[in-house]
């Protein structure tokens, strides 16, 4: 608890290596850590696998990483708002794994919660069921969906204390809290860093124990 | 949202019928709605199935319901602190279904989240696995644990707005938020009721849409 | 938090499927459909609306009826934007919006626990095709459009009642209500109602039943534009759009 | 919120298993064990301590070492009670406790996501029996005591490192470290270390290895009181309890 997890931007770069899988918070770019995305671009990280809700737009959220060719694969629920994703997919330059949004959330949560998978009715009778185990419970058919984890999770929060307790703002919360559970290294970009003890324990949305590094967002 | 869900204590009684299953929030009685437990006792509700973390002590939490013979079955993770539970179990007067605490939480969450079950490593190689399906994922064995739901959930919160948004206090949160998802009728006993709009949307712990009735705790 | 330049996102998540094939839509058709859908709502309902036509429905609700809109990106209590955009207050299309008093925010796992767990009373979505088994296709056209399913599969699977609100035919005049969907499904057997500018169908126990038709239209008019077998309700009515 | 009269709860959730069979424990044995367990902690560790002996461990940590205690009833940052009890601030035994600055509260699903998901670095629990395969039995004695497993099965299954801290023998002098547990298991093959007042064992790759013995004790003394086969480490040491 007493550890100060704030690091400088220059300390973060070396944590990103070519070929890593990266979970990113955000929904249409809202709740995505723009500074960490820029850093991945600036230092030319290659062959990334991105896991998150959507690829936003070409210049929003993780869009620029895709436009600039840093990404080899995305695991997302939606690409329709970013025509570049679609073009690269069709050109064979980008592997796209589409996952229903609720299933994506549960798979990430499983990966972070030590669960081996979850039974969901979503996707039964559709192309989503291809290659998956099914189970019948009480006469109803479910797909067995497996856990997802990543090497690194990049999160965006409104406020952190120095120990790493996080508070998100409005709908910018979305996938951030569950991704904090599901990656080997968790880095949060935050708008404000306060002293330990300044956030009421009842209001913490991601506990410090899950967060490895915090970095202060650059003013834009 | 505009609906006022506050009811009088006299309105709550008729909602409890003999033979219903009741999920109760609380951990060793902390976070258990004592007024609703008393009401179940006072009106002599019979043959209850209780689902919750533990049976607390004979005079704490749901303990009195067990002592007074209102309960036919409990689904809990722990009974060791209430000798009456053990005695009644041995005497054949009470059916006790012991579930590991983390598995209990996930089963309730599944019941409330439309999931058909969850794969957990907890209990593999122990008596807990008896009668359950197993699945091997990435070489590791998991038990398939099935959803739990109840007819009624009785919750304890610190504060509610009139629409039913709930805020819990400290460790009194425990099982309350997931039970709010998993019962056909959700009744919350709260220490304070405020107007709609007085709770910051970011601080709501259980959304009003899950809560059917709120009742103001009697001062003790 | 500075808001990203979201106005450049022309198609919000569900927009792609909801608006596909309907560029030439006459405004009257949309209004007719939205007005009729509004009659299915009840006071206190929790509702999730797909992007496009479904978002028009609330404006036709009777005065005094309160519903709560669920937004799949993580909250209950979506409201129209009033005044300046607030940080993080955006709808599922990433567009700035407002919050009703009594709104509640949560993460994506909770959002879909609500959706999948039957805590959303009604979802209204656009469709590309619906068939007589209650199957819906609205998320992709192979070889043409693969936007991804976003939250649509979970919504159609989990909402208590699924209403498909769409124009009766494609802009080329092809029926969208078929004996069997030819496009990849969003979910199997989950559609409860189909509301178009021409007709209202209810699907119960696997039976596709015409319960209303547009003023001035006949059952034969409906048959001519519908490629599914359907029964005609004993209580067949004319759509009341007043 | 008025706190219920919790002082009457004699046995908190994990207390039953942790304290069972050890009523005649000499205080010195407990202290020796707690001191030795403390040496396994590292700065920044997230730790869950079973009730009873394990709760003594923090008092033997070196000055300046900070650990975070996880409490299965729903928080990180458990601290000793200082001053008056505060509403809802209770440990997993339901007893009033304190909160460290920087504590965080959450619900039971999140609490066990942390526990099962490997976010707890170490758990220290009492044991009834441990065997040479790293199996632990600490939650029931058929026909005698069926308190329920509480969170113990999840903790032993999910924590990164499981340390069993117990007296070497029962009060009747029977070994608790066996070739095969006879009591119902809490979890299979999950114990990494067993620390008693007489010996320290490490279990790696299914091998049970004696790495330390108490000052003044010999390997034969340990063998005499241990019913499991064990190897003796090349670097066998005397327990340092300074």
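Annotations
When the chains are written out, they are named A, B, C and D in that same order, and each has its own residue count from 1.
Heads up, the rule we're going with is that contacts are C-beta pairs under 8 Å (C-beta built on N, C-alpha and C of every residue); 3 or more make two chains touch, one makes a residue touch a chain.
Not measured: the values here are computed from a predicted model.
Pairs A-D and B-D differ in how many C-beta pairs touch across them, and the larger number is found at B-D.
Summarising the inter-chain layout, the chain whose CA centre lies farthest from the centre of chain D is C.
The centroid of the Cα atoms in chain B and the matching centroid in chain C are 35 Å apart. Here the CA centre of chain B is 28 Å from the CA centre of chain D. Inter-chain spacing, taken between the CA centroids of chain C and chain D, is 55 Å. Residue positions of chain C touching 2 or more other chains: 75, 99, 105-106, 112, 115-116, 157-158. Residue positions of chain B touching 2 or more other chains, listed in rising order: 106, 109, 114-115, 120-121, 168-170, 173, 201-202. By the contact rule set out at the top, the touching chain pairs are A-B, A-C, A-D, B-C, B-D. Chain A meets chain C in the complex at residues 27-31, 34, 53-54, 56-57, 59-61, 76-81, 86, 89, 96, 98, 100-106, 108-109, 120-128, 158, 168-178, 191, 205, 220.
Every residue of chain B that touches chain A in the complex is listed here, in rising order: 106, 110, 114-121, 133, 135, 137, 140, 142, 144, 146-147, 167-170, 173, 201-203. The touching residues of chain B, counted against chain C in their complex, run 1-3, 109, 112-115, 161, 163, 165, 181, 196-197, 199, 201-202, 204, 207-210. Across the complex, chain A is touched by residues 1-6, 8-13, 15-17, 71-75, 86-90, 92-94, 99, 105-109, 111-112, 115-116, 135, 145-154, 157-158, 184-189 of chain C. By the touch rule above, chain C contacts chain B in their complex via residues 43-44, 46, 66, 68, 70, 75-77, 99-106, 112-119, 157-158.
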